[in-house]
Every structure is written in C-alpha cells, then in structure tokens.
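The structure appears below as structure tokens.
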C-alpha cells in the first residue's frame, strides 16, 4: 500500500492481481486497474505522483497512470445529445 | 514499521492484527488500533503525517488517523459535572 | 520496485538475480546489472538518486550506480581513430 | 535495506538478527547492532536521519541511534594518559 505524495490517494493490490486507487478523503474507489497475471508483490508511487510502478510474480514490472483521467467536458457551444 | 514524516512517531503491526503508534522520544505507546481480522502485511504513513494506511491478509485496506486525538478540555465557564 | 527521486527511472529485481533500470518515459531498459547469487529481496534508491542499494538472499548488500554512465565523447581536437 | 536521508549511510539486516550501518562512500561498516532474537523483517530510517526502527519476528520493535557516536576528544588542558 502506498500514498501519493500529496496524500490524497492510496494504491493497493488485491489477491485477484488488480490495483485499486482510493480517494483518501472519501474512502471511495477511484480506479481499478488490471493487467498482471499473478500476485503483485510490490507497489511504489512515483515522487511526482503521476505514475505507479508494480512488480508481480508474473515476472513483469508495469507502470500505471496514477492520476484518474479528467472527465472531458463536451465542447462548448455544441449540440451534445 | 514506518516513521511519521516529522520523525516523532512510529507505527508497527503485531501478530494479533493490531497497530501500535509509539512516541519516538519516550518510547511510550500512544495508541493501539484494532480492526483487521488477519495479519497486517504493509503499513504506510501519509506524507502529511495525518493518516496511516494498512493492507491485511483479511483482504481489506484501512485508513487510520495517525495523530492521537487531542484531549478535549471542558468548555470554559460551563458547568461540567 | 523503486523510483528514482526525479521519477525518471525505476529499478526492479527479477528472479534471475539481476537488477534492471528502466526509463519511465519510454519504457526502455537502460541497464541490466548482475552480481547477486541469490534472490534480491529488497531495493532502495538513494535520496540523491545516485545509488541503488540491494539486499539479497546471498547474504550480501550491494551498492550500484543508479545513473547510467554518460557516453564519453572523444576529446575535442584529437585524432580519435 | 534503507538509505539515510542524506544518502551517506545504508542500514541492512542479516540472518543472524543484527543490523549493520554502512558508509556509502567507502563501503566500510560503521556499526553492527545486536538486540533482536529473531529475524528482522522491516527497517526504516527516520526522516531526520537520527534513528532507525526495526521490526522483528521476535515480536518487538526497536529504535536505534542511526548516527555513529562521535569520538569524544579528551578534555583540553587535561592530563589524559
């Protein structure tokens, strides 16, 4: 389990080989990330808070985007349905 | 085992699934926190020193207040029993 | 797995007892380092980003240069073959 | 294995339950510390570099002085033998 440098998010790994990013203030899940095929045994948040590195028993290291994507507002003046 | 960012407290997990926060200067226990139902395998202090995150074999992640609560003085001028 | 303090590199250990330094932006391997004779169970990047420390089941601790060596240009004005 | 915040020392645990503090520049051992009665499974350097915390399978947490003691010079003007 690791905190983002701004202490607003934590990331944890679960037994089903997924990562979850949580909002510290609300306790809500922000993102669930899949991709590893075996247990994740190590997690690190990057010092700039932008990425997460994981190491897994599947013998791969992965980098993940640690910042949930901004919701994209519809273009102003458009006819968004 | 993890230090608070101000180096004044450490937090550790014990085999009975509890967390203990210790005062570094005195070596005294400040708080014992319970809630996990299986071994705690990871602990992190938040970069702002306000929270502690734990991951446990019980498959939950928990956030804890890393700062012992201030004792609340009775209101001044009141009739506290 | 550990990030360099500038978040530009990560270092990970693999089951064949080697260390790999990766470029975070490109995902490319920068260096593979060998020397341990048993599983590496702990890795730390130095706070100044210049070194990596590893602890291994081979009962040794090693320090590694965390910065890939600059390519040395031939001396200016010389007759480099 | 953990670096001191100034990146000048590392601390590691060995299978005989001891801690060793190493000088990063020279690779020399600075101190060997004993006191745990079972395997040390976690080490942290305090953010101010003054202490080291360890957690051991002997179910204790210990704090250690992370700075090798200064050699005490004999008092000036005395008759030190």
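Read from first to last, the chains carry the letters A, B, C and D; within each, the first residue is number 1.
To be clear about the criterion, a residue touches a chain if its C-beta (ideal position, glycine included) is under 8 Å from a C-beta of that chain, and two chains touch if they have at least 3 such contacts.
Predicted model, so just to flag it, every value in this text is computed and none were measured.
Participant: Please indicate which chain is farthest from subunit A, where distance is taken between mean Cα coordinates of the chains.
Facilitator: The most remote chain is D.
Participant: Go ahead and note the Å separation of the Cα centroids belonging to subunit C and subunit D.
Facilitator: Taking the average C-alpha coordinate of subunit C and of subunit D, the gap between them is 25 Å.
Participant: If you average the CA atoms of subunit A and of subunit D, how many Å lie between those two points?
Facilitator: Distance between chain centres, rounded to whole Å: 36 Å.
Participant: Would you please write down the residue numbers of subunit A that are in contact with two or more other chains?
Facilitator: Residues of subunit A touching two or more partner chains: there are none.
Participant: So with touch defined the way it is at the top, what topology do the chains form here? Options are line, ring, star, complete, other.
Facilitator: ring
Participant: Going by the contact rule set out above, which residues of subunit A touch subunit C in the complex?
Facilitator: Residue positions touching the partner: 42-48, 50-51, 53-55, 59, 61, 63.
Participant: Could you please specify the touching residues of subunit D with respect to subunit C in the complex?
Facilitator: By the definition above, subunit D touches subunit C via 1-7, 10, 12-15, 20, 22, 24, 27.
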